[in-house]
Amino acid sequence: ARDLRLATTTSTDNSGLLGYLLPRFEAAHGIKVIVISVGTGKALKLGENGDVDVVLVHSRPDEDRFIEQEHGVNRRDVMYNDFVIVGPLVDPAALRGGRDAVKAFGKIMDARSVFVSRGDDSGTHKMELRYWSELGKQPTGNSGYRSAGRGMGEVLLMASELSAYALTDRATFYAMKDKVDLEILVQGDPRLFNPYGVMAVNPAKYPDINFDAAMRFIDWLTSSQGQQAISEFKVDGKQLFFPNAAP
Amino acid sequence: MELIETTRQALRLLFAGDAELWRIVWVSLKISVGALLLMSPVAIAVGYLLATQRFPGRRIIVVVTQALFAFPTVVVGLLLYMLLSRQGPLGSLHLLFTQTAMMIGQMLIAAPILVAFTLSAVQGADARVRETAIVLGAGRWRTALTVLTEVRFGVMAALFNGFGRVISEVGCALMVGGNIAGMTRNMPTAIALETTKGEFAQGVALGIVLMVLALGVNFAMSWAQGAGAQPQ
Amino acid sequence: MNMASTVPVALRDGAGDRDAHDRVVVSCHGLKRSIGAQVILDVNRLRLARGRIYLLSGPNGAGKTTLLRVLAGLDRASCAAFQFDGEAIDLAQYPQSVRRRIGFVHHHPLLFSTSLHANIGYGLKAAGVARAEAKRRIADAIEWAGLGGLVDRPSRALSAGEKQRVALARAHALDPVLYLLDEPKANLDERGREMVTSLIGC
Amino acid sequence: MELIETTRQALRLLFAGDAELWRIVWVSLKISVGALLLMSPVAIAVGYLLATQRFPGRRIIVVVTQALFAFPTVVVGLLLYMLLSRQGPLGSLHLLFTQTAMMIGQMLIAAPILVAFTLSAVQGADARVRETAIVLGAGRWRTALTVLTEVRFGVMAALFNGFGRVISEVGCALMVGGNIAGMTRNMPTAIALETTKGEFAQGVALGIVLMVLALGVNFAMSWAQGAGAQPQ
Amino acid sequence: MNMASTVPVALRDGAGDRDAHDRVVVSCHGLKRSIGAQVILDVNRLRLARGRIYLLSGPNGAGKTTLLRVLAGLDRASCAAFQFDGEAIDLAQYPQSVRRRIGFVHHHPLLFSTSLHANIGYGLKAAGVARAEAKRRIADAIEWAGLGGLVDRPSRALSAGEKQRVALARAHALDPVLYLLDEPKANLDERGREMVTSLIGC
């Protein structure tokens, strides 16, 4: 069978999730999966241009637009993990133990603490912007706000260097935990929920796309087997991704 | 220190013949050496012609070639992507995310470097070299070969620089190669990946492995070329 | 006449006897080279006959070197009817076949950074002379120029006169019809000057 | 086509004096020109010495310098990061994520290029240039200046190449600059960002703006230097 | 004796009358230069006195150029007791002050790609001669060498003899004690040779 090209975000690849899932899928279906791990924006662009067969990302509004504009079909929920607000141990804005993400952002702003933003239109960045707008504030009103324009790992390192706060997905934070002097200060807010969606590139647009393999991949990922594998994947004994595909 | 330990470990893996590391090394070398071998005859010829022929617009071409040094490799990658993408004019060739695409990108990146430095080497040569070849009855090709042989250190420097540039560039390789494990992952994209993961020591170690390779290639090249760079 | 600023142009005698017209090797009208507003060469009529030696004489900057370079096709010049050995030639597109019948030696010759053998054999190789034949002619030229003791020296290490000899041997090996030698004796000792004399007969 | 439209738009923004774009351009130029101005005197001097002095180990230094071309800029960035990071030996200077750090990185990246090409230019010069200066009573400095002036096209090519390399490099700038909007974002890191976002046309447009700038700088440099690159 | 392969070494006469010993400008013992196994210069004892002209004569490759280069400090040589104007000198560390008292002209001189004025003034500038004074001396040298008509030409465009004259003027402007001229007449016409004669007296 022809190889399947998957464009996905760095969080799924760098956390080791794909390394755990794909051999199982490949064994079951005899289809080799080629992973191109990039930012959400670029992953969707590759799908839009028909350069990959299937896309696995986390930015619901962008995903919906992708389907709406008929670049993709068959979008399915796969799993979620969650965002957490991390910061330096000294915690100058006193966020520790909080649950409310929007309130935490307000405290950061009031304390004029340094906050490092992804600033790259990624799913994480868009989530962050939602909290600011719920707060009713312009993030740039804070002189400590740094729009970094970089990936999650780099933003965590930068926050650690600058003793700053940051919004991150839990998987990347665990993967980077040993390298940064940061800890989770705020978690558990339902608004911090981070869902991943998978979708096939529209075969009507690109007839020679590997649509069959893409569908099989989506089916497997949302099947009980795939869902179970996701929940079995652990880093340091902790589960990072929680399957939530509709049966 | 962690850095030294990791580097030692990386070099140990290299010499122990670690399959994963060697595959990456091999992809790097194959693509970059290939790109250089394919591009240098053309680029050296162009540089030679620019140095020896006068025609209107020559000066402009020279300055533009030198300005192309400033063209970020990622933009080369973007343009090539647009060409090779399924929607692009060459989409039907299905070259995207292949080593071939990476090689084409590196050829484009190497070209201005090779042209400009050949040009400056030939321009710096004593005019009598070319004249002597001509009056002794050498044709265009032999004359060119003679001149280039006489300025071989300059041509060599062009090749070294071109090689260094392509084997270490990451922007284009990521864009058209995709950093696919086991297929299009080369040293620089592997380093970039380690960096994103925060594995700095690992990244530096791979960088040092790359340096060791480049040193090896450069020594081999300068040895093959004989004599070596002696002051006059 | 002033030897040191004298440049010989020599033509080897063709075999057999032909009439005077046949003996003309180079002829042209209105040979002129100017750079910007400055005319640096202006020869009304030029005729070089086989078997003769011409000494160009004139003060520094008279245009002696320029004339030789124009005749060798190294410098451009405008010219009415340039003929080489009866053949009409466009000076700007000097044909290789004609080049091989001319032996031009720079005033201060340049040796390629190859071996002495390779230097002398360069023109032969370019002319496609067979290896054995080329080898013989190189050996002859080395012997003729008395360069036997220098064959192993790097060419950049040679003295001015030694370089001059190698360059003469390099031209000699090609056995040209016309020699264009720019101040060929300036660097040479007694022995070397005899060499030039034997080459062109003056 | 989208690409042409976006590029036209980017150039329009540039010439309309768009504050955001110009700040990025200004950061780029300031850092790269600064790095080149600071590094070139040293690097050119080193290249000159390597070309004119003989000492044991010289050949090795030359080959290593050329191999440094292959040192990925991101690895330079990593090493500098380790130095400047809070835990690093120079952490107390608080230089990480500043323009100063980017400039230091670019100086390191430019150094081997400037050294190697000055060396090859000087080595290609006629030995009589230096000898004539010496016998006319010039001291070391004047002699060096005379030789470098005579091979100015080669030195110029070194500067062009060095400038092109640093103004377009992204690995080190991202690593030690951090691509912080309004502070350390320069043209290449801005391009990298557009690329990650999937805004490919935007990335190419910025790349073309960068090229236009490089062309401007190169024309200015070659104009300031006079004469221009003529064939002999 | 063979003019074309003859190299003059000339010393200007010092002012005033001194005894014979005072008049020695250069002296040394066992001057020797070898490259690899090959000895290319071996002079037992060398004494150059003020006011005299020495013509080095010998076949091509005899070592004439080498000797001049060694005396000018351009080539290394081993040597027992090198003295310049009574001062003991380490040949490997030729002091600049001595350099300025020597006028060395290459066999085939090189002009810097600057103007003719800048070429002639180069040594003066290096010696820190004041601008007005330098200007005067440059003008003198140009007049002396008859270069008036060439001042606007690019130096690479000059003919061999013209270059030679510029180089002589360049050395002349420095008014050195010792001239080391490598085949200075080889490229020159009558007028130029007279110039050299006026310079060194032969």
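Per-chain numbering from 1; labels A, B, C, D and E assigned in written order.
In this section, a residue touches a chain if its C-beta (ideal position, glycine included) is under 8 Å from a C-beta of that chain, and two chains touch if they have at least 3 such contacts.
The structure presented is a predicted model; accordingly, all values stated were derived computationally and were not measured.
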| item | value |
| --- | --- |
| Contacts common to subunit C and subunit D (chain labels) | B, E |
| Label of the chain whose CA centroid is most distant from the centroid of subunit B | E |
| Top chain pair, ranked by how many C-beta pairs fall in contact | B-D |
| Geometric centre distance via CA averages, subunit D-subunit B, whole Å | 18 |
| Whole-Å gap separating subunit A and subunit E, where each centre is the average of the chain's CA atoms | 79 |
| Subunit B and subunit E: spacing of chain centres that average the CA atoms, whole Å | 48 |
| Inter-chain centre distance, subunit D versus subunit E - centres from mean C-alpha coordinates, in Å | 43 |
| Touching two or more other chains - residues of subunit B | 126, 195, 232 |
| Interface hub residues of subunit E, defined as touching at least two other chains | none |
| Overlap residues in subunit A, where contacts from two or more other chains coincide | 151, 154 |
| Interchain contacts (touch definition) - all pairs | A-B, A-D, B-C, B-D, C-E, D-E |
| Residues of subunit E touching subunit D in the complex | 72-74, 96, 99-100, 102-104, 106, 109-110, 112-114, 122-123, 126-127, 156, 170-171, 174 |
| Complex interface listing, subunit D residues touching subunit E | 126, 128-129, 131-139, 142, 146, 149-150, 232 |
| Residue numbers on subunit A that touch subunit B, as the complex places them | 5, 10, 14, 34-37, 49-51, 151, 153-154, 156-157, 175-176, 179-180, 206 |
| Footprint of subunit D on subunit A - complex, ascending | 38-39, 41-46, 48, 119-122, 146-151, 154, 158, 161-162 |
| Complex contacts: residues of subunit D adjacent to subunit B | 3, 51-54, 59, 62-64, 66-75, 78-79, 81-82, 113, 116-117, 119-121, 123-127, 151, 153-154, 157, 160-161, 163-165, 167-171, 175, 187-188, 191-192, 195, 200, 203-204, 206-208, 210-211, 213-215, 218-219, 222, 228-229, 231-232 |
